[in-house]
Amino acid sequence: MQRRIAPLMGLLSRDRFAAHCNIELLEVGPGYAKARMFIADEHLNAFGTVHGGAIFTLADLVFGSASNAHGRIAVAINCSIAFVKAARKGYLIAEAKEVSIGYKLATYIVTVTDEEDEVIATFQGTVYRKKEAIEGMVA
Amino acid sequence: MQRRIAPLMGLLSRDRFAAHCNIELLEVGPGYAKARMFIADEHLNAFGTVHGGAIFTLADLVFGSASNAHGRIAVAINCSIAFVKAARKGYLIAEAKEVSIGYKLATYIVTVTDEEDEVIATFQGTVYRKKEAIEGMVA
Amino acid sequence: MQRRIAPLMGLLSRDRFAAHCNIELLEVGPGYAKARMFIADEHLNAFGTVHGGAIFTLADLVFGSASNAHGRIAVAINCSIAFVKAARKGYLIAEAKEVSIGYKLATYIVTVTDEEDEVIATFQGTVYRKKEAIEGMVA
Amino acid sequence: MQRRIAPLMGLLSRDRFAAHCNIELLEVGPGYAKARMFIADEHLNAFGTVHGGAIFTLADLVFGSASNAHGRIAVAINCSIAFVKAARKGYLIAEAKEVSIGYKLATYIVTVTDEEDEVIATFQGTVYRKKEAIEGMVA
């Protein structure tokens, strides 16, 4: 698996916004991904809790990784996020699971939890799958 | 207006994630807000276009500003974003408009455009309005 | 316009669920549609207000009409609806406007109002545009 | 369980739109519900597949049942649905699971499948929980 996924890892290592947000990808395979983000001051909103944009970014990263891991370029069309609990410290963990995949579209559910395994946000997203393979991958 | 909004501006100036993403709030009033973000390398994803998380964060900021400008603390419950065009350079501009407001809930539509006025993303969000006023504001 | 739209009108007249819900299409053109539904007992939920499913169906109908009116078959991928006020009687009116259109995807915002012009729901949806033209239409 | 849930069943039996759409509730308990709908001509859209409004209504019913089964009136605020496969015949089955519940808000994921267990749609929704108990239930 690791070898098959290597070109994707190379691609994802060029994701500057994920790096800017200090997100670490932990696992990735076709239709699945897991990442974490250690909450720092830079992630906080005006109320001192983690900004919705930072939580969305974490969710979006596993969504994008899981969908691109099939080897064809997948771009986000639509995402919906429900914020269910404020987060303040420690790691946030996001896990993406594939709900369905067709030739052109695929849909994922992402759950973001904190270190106590409490749900922070739930996310649903759909990608459009282009014909082009990711460089170095077999689509 | 500016005087009434001053405590909100003070509050928003403590939004570290918005600062980290280099977002500037341009206008804000009850039910309305406008902001912009100059695209830099740090906003890009692995494909070299602006990361969905950065676009969401810009939209979320005007959504949060418009809803909190009524004077009571408003927290995001649910957001849905449709990504309609990739963005690469220049400013992205987000504008939030209030669709409806009740005692406990309010809903907004946000449009994100580029400098050519092309739509980049459209966003719909709902907040829960707490009873507490924002410090220094009359709810 | 009417002549260009005639094949679409023929197609829409075969929408049995819209008929079952007693929805009337009032206007349709490329990227725009308007419809109404007169609230009857059959539309009510257990609390005596209009069922979310009936409101969604009304919104979905104008979304589908506006997107198919360009002449190519368009299928809904993703819809998000915010219910902002309960509806009890009279007509509900839905109006769809196009936010963006590309070769494969198009996005719409729909507003559902009551007879007092109060917003009942706001809806955002994206379609996938197939290559096939609607029979009798020039795509 | 059945006894505790009886007043909710009485309430749900007054859902005229669900009856109009021929939806049968199969199971319900706090935070969980399952229902089915046998596809008939009246559920079809202009293309001869099940109308998005009918699929949404089925999903919405289990969402509403699961959330109201805690004993307090719960109203839908926001729902997002991804349509992943067209449905043509047989039963559609919807199952709602609770993702999180707080004093005022609760969030659910609903999966709609066909008889071959293929996913037809995935749905995410949030309710606002009122203070009032459902008549005859202990909140």
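Letters A, B, C and D mark the chains as written, and numbering starts fresh at 1 in each.
Keep in mind that, in the parts below, a residue touches a chain if its C-beta (ideal position, glycine included) is under 8 Å from a C-beta of that chain, and two chains touch if they have at least 3 such contacts.
The structure presented is a predicted model; accordingly, all values stated were derived computationally and were not measured.
Peer 1: Using the touch definition from the top, list the chains contacting both chain A and chain B.
Peer 2: Chains in contact with chain A as well as chain B: C, D.
Peer 1: Report which interface contains more C-beta contacts, comparing C-D against B-C.
Peer 2: Pair with the higher count of C-beta contacts: C-D.
Peer 1: Based on the averaged CA atom positions, which chain is farthest from chain D?
Peer 2: If we average the C-alpha coordinates per chain, B ends up farthest from chain D.
Peer 1: Could you tell me the distance, in whole angstrom, between the mean C-alpha positions of chain B and chain C?
Peer 2: For chain B versus chain C, the centre distance works out to 28 Å.
Peer 1: Roughly how far is chain A from chain C, centre to centre by C-alpha average, rounded to an integer in Å?
Peer 2: For chain A versus chain C, the centre distance works out to 32 Å.
Peer 1: Can you work out the whole-Å distance between the CA centroids of chain C and chain D?
Peer 2: About 22 Å, centre to centre.
Peer 1: Could you list which residues of chain A touch at least two other chains?
Peer 2: 77-78, 80, 82, 105, 126, in rising order.
Peer 1: Sort out for me which residues of chain C touch chain A in the complex.
Peer 2: 77-78, 80, 104-105, 126, 128
Peer 1: Name, in rising order, each residue of chain A that touches chain D in their complex.
Peer 2: Residue positions touching the partner: 78, 80, 82, 84-85, 99-100, 102, 105, 107, 109, 111, 119, 122, 124, 126.
Peer 1: Could you list, by residue number, the parts of chain C that touch chain D in their complex?
Peer 2: Contact set of chain C toward chain D: 11-18, 20-21, 41-47, 50-54, 56-58, 60-61, 64, 73, 75-83, 86.
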